């Protein structure tokens, strides 16, 4: 069987730090195109990786029957349109998270996936994280007993990415801290809980610390230096509560806040045991046995989750298997994020009951 | 002016550790009665403090025209009835927190206070805490800028008081972690925020870890040893979100949880500065100025807050001044607590808009 | 606009550790000459940095019309003569601190600057330090209230540089601990205070610990090993008090002392708040609010102050803007240092009133 | 030989904490009178110590030929008048420090001492401190080589005594931080240096932090609670420089300052060795030998310095010996303190050359 020809659309940070390396390491994949509106980026990729062709217009990919698989690594405003164009052109798609700027866009993507039958996976890469999968298994095995509540905390002191750029412009990104960071946390929760349906969602999102851009104090800034002539109209703090058909979930998230103590964890509370997962790191399990309180720290070997994600995608393309990153599962967290933003505007709970 | 004659109703922990000592140290007060259904407790107080008369029936107090002030330190189920009886008998009342088991009971107390015009203060003692008052002043002075969110975390690993006793019996206490602990945190928030009206309240309360009492593992237990023949039907975990006419508030509280990391703080998030208050301890303020991130640690001398509370109550009795602990202000957190319990039962947000 | 051609006169420690790197990093500057009386040093620079021409005689620079900017990094005895020669030849000058060995020399430099209109900045690099500028702004914003006193402590146990060399020879350096170290501290004070005029200056300078050179015990020595055949006739301890039109300033400084506790800080005492700045490091602000004593620790991102200094100089050269390091501001600390030395000889206060 | 009859005039803190106990422990002394304008204090002393007679008017003492020795422990405004009255009545006097409110008052006391020939010792108790005497001996023995400078730091964050009371009222105390605290430090310096004559004195005293009394934040307050209706017109910060016929001395002193780091030490800087004495505690000596830097920490047994002081006074009374606490030696620090206050008003150095 010949190698699967791949195209990369969008040659920015996530493409270079994650996708491309993983395709290069996959024995069944071969990159044919690097596509970017900024031609120099595409050309730099061709030079750096010694393969593929640099192009500006992704329609070249749509019209090339050799290409079977596409990674979409553009800003969020490209996700829906390009994914749909690719699917309709018969391509299999791995689209970076979040699925789209809005739930409506994500639903349209799902609809086209169903119509075309091609692969549409979303880059919810934590579903390929070793620790997350161990937690999911512990929950399924009943080790936590009845899991009744999950608390999610993703709060940084100062971490707005690229102030005034794509990340902080709602028309491009769809939102801020919630859709950019929170999406990962919520997705871990949904995955570990078996993707339960939401029943009520309430939340409030605030755009406070970055909005007067020139007054925003920070110690470092990733995703580029501030662009004080750019736009800042997204949430830098979000709070909310979700009732699902399973546990309740509450969350607090901050790209920036006037509390100088960072937190990035998920607490799974069960009546037999609980787990605190430090995002991207280790977890600890707390339980009790025969009157003794137990604290358990697991050790395990982690495989790079991006490699798992790309290998999984290529496998889907070649075998037709359905991935845990399929749009059908990811659609739920898209629905929840939309509901938090809607609830915030209406200042009232959204009910799906 | 002669000394104000005081009666203590309920001679348990809070009476002995806080109220009685403070009355003895107040130059304008004199304890005339120690009243307890368990006669030995009242007699022990007479002996220990060398003053007053030991009685079982609080109606003796109602009928003694000399008594002007009453501290009610009974379990929560006595608060409403005894307060109302005292007010109607022309006594001034300091009733321990929570005001009552339910919002309906608290409203009735407020109504009788209005009818009688006598003092009805609730034991929201943190309103007399030095650090809390400094925070309130900082907020009022605009040091935090626009205060948009407050997060409240009161989560213990294992801290259920008197398993199977008055604290864990809903008919007596009205609830568990929320009404017993959460009431203090919520009251600090309401006080510092200037007692804003709630607009929406959603929450979920769980009775999980204590419910199979004999399996409950703990390292120590205050308020008496477990009574495995008693009742456990109250919340040991609670979560919720409140929209007020001012900031939003989210909370997580646990008397017990399978996460072995205790937290007991309140985060006040403003757009100019934020404060993390460690409950009963110090606070830290975080701000930014001219591009620098500032962390400010205050030092101050704290006067014993129970002494302040009692001195304030005696002052109200003698001068008619209105206290920050007046039932009119405390009624709001009573309303919120009730709404969290109601929302939990209905699994839906309660709206006051 | 073409790049500004730069010459470096004196290729010793400060040139290599600070000036040259900063010019290389400045997009508008280009080094044309490295000049040093020790030819090997100049040749090493050409080789190390891959640019420029190595010369011994700085008159070549004076006669090259292409050179617009000169950094003078020679020992102090070269500062005045070379600066004046450069200015008269139409060059713009950045001269290392101190401006000169004596106030008279500095006044002559200032006079020639005024006559020629060319740039004459002094290497008072702390005026380009991020933390120092934050303090200056806090003072200007009134955060310290009335600033009434500044205490300056720069006291090392054993830190005489290059015993017996240029640093310890009065005819070359003009003085010791005060003119070499103290100049930086005094300059920070003057800058933060808005360069107030001195009214009275008293001081005493001592040459005690290094004077019997072979008996001088030390643990390490920068600026080269001891030269026991050299000269040691400068101050290793200095004390003094200055009244300005603003606050008073007292200082103690030691290159070496028989107290084994190093100190290097400046205390700014205001009636609303005070600041202790650890030289070259962080600062802490102390204040009080509503009865609480506050200790504030700022965090900020520092840009390399030498880069700021050089960028600022090049900007002055290209735009004609006046720098905070202009000889007109630095002249005051030169006057104060001279007055301390004069007062020390006369054993009496010098008055400028 | 019969016991020496003693009278205590002023029965406040220093009398009770130091003088009285020491007289009771001296085998040759016997207290006959406790005198205080507040009669209760005198009566309490009679009761507490089981001896003497309580009186209000010190003229009773003057007229009692049995009394040979008097301790004057009143506020500073009583020192001069009562000492002179006692001397003229033929009594021997131990007067608490400072000698008087002003140098003029102290000179008058000295004059009367010379005329009467009776003992007039001042309570410069550190001259009887074991560690101080060891340091004095080390200096005299030449262990420090040439002693060229002394730096004195007595700086507290918040330590104003009895805000609004005798300590902070210039008409009573003569001054603040300098005359109350600084006097001890200066006296140690003068004593250890062999009481050298001052040549120039410059200084500046500030009344800044206590002056708006109700805004003064503190964590505790000795010498009684604040009296906001009282007076605050004394120095809470002082700085200065003294040239003596021996070393120079610089000082910084604060009853209160907006720097949250307390210091209370004296640095003696010699060319062979130096000493840092922590006030009231241990000292460390720094020296060098054969290229090695030495840090020496002495251990010794201290006798209570107040006992030494009183025993010394009784010995002077009974033998006529001259004490190191004689007004003739203490007069110099009185002169210096006056000169600092004068220099502060004139904003210029005072010269005694």
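Every chain is named by a letter (A, B, C and D) in the order it is written, and numbering of its residues begins at 1.
Everything that follows uses one rule, which is that a residue touches a chain if its C-beta (ideal position, glycine included) is under 8 Å from a C-beta of that chain, and two chains touch if they have at least 3 such contacts.
For reference, the UniProt names are A, B, C, D = Gfo/Idh/MocA family oxidoreductase.
Quick caveat: nothing in here was measured; it's all calculated off a predicted structure.
Bringing subunit A onto subunit C by least-squares fit of CA atoms involves turning it by 100°, to the nearest 5. Averaging Cα atoms per chain gives one point for each, and the point farthest from that of subunit D is the centre of A.
Centre-to-centre separation of subunit B and subunit D, using mean CA positions: 52 Å.
The mean-CA centres of subunit B and subunit C are about 61 angstrom from one another, to the nearest whole unit. Remark: subunit C and subunit D have CA centroids separated by 43 Å (rounded to whole angstrom). Looking at subunit D, residues 217-219 sit in touch with two or more other chains.
Chain contact topology: the protein chains form a pattern that is neither a line, a ring, a star nor a complete graph. Residues of subunit D touching subunit C in their complex: 144, 146, 148-149, 151, 157-158, 199-200, 202-204, 206, 208-209, 215, 217-219, 237, 239-241, 243, 248, 250, 252, 257-261, 267, 269-274, 276, 284, 286-293, 295, 347-349, 351, 353. Listed in rising order, the residues of subunit B touching subunit D in the complex are 299-301. Every residue of subunit B that touches subunit C in the complex is listed here, in rising order: 130, 134, 137-138, 141, 143, 285, 289-301. Within the complex formed with subunit C, the residues of subunit A that make contact are 217-220.
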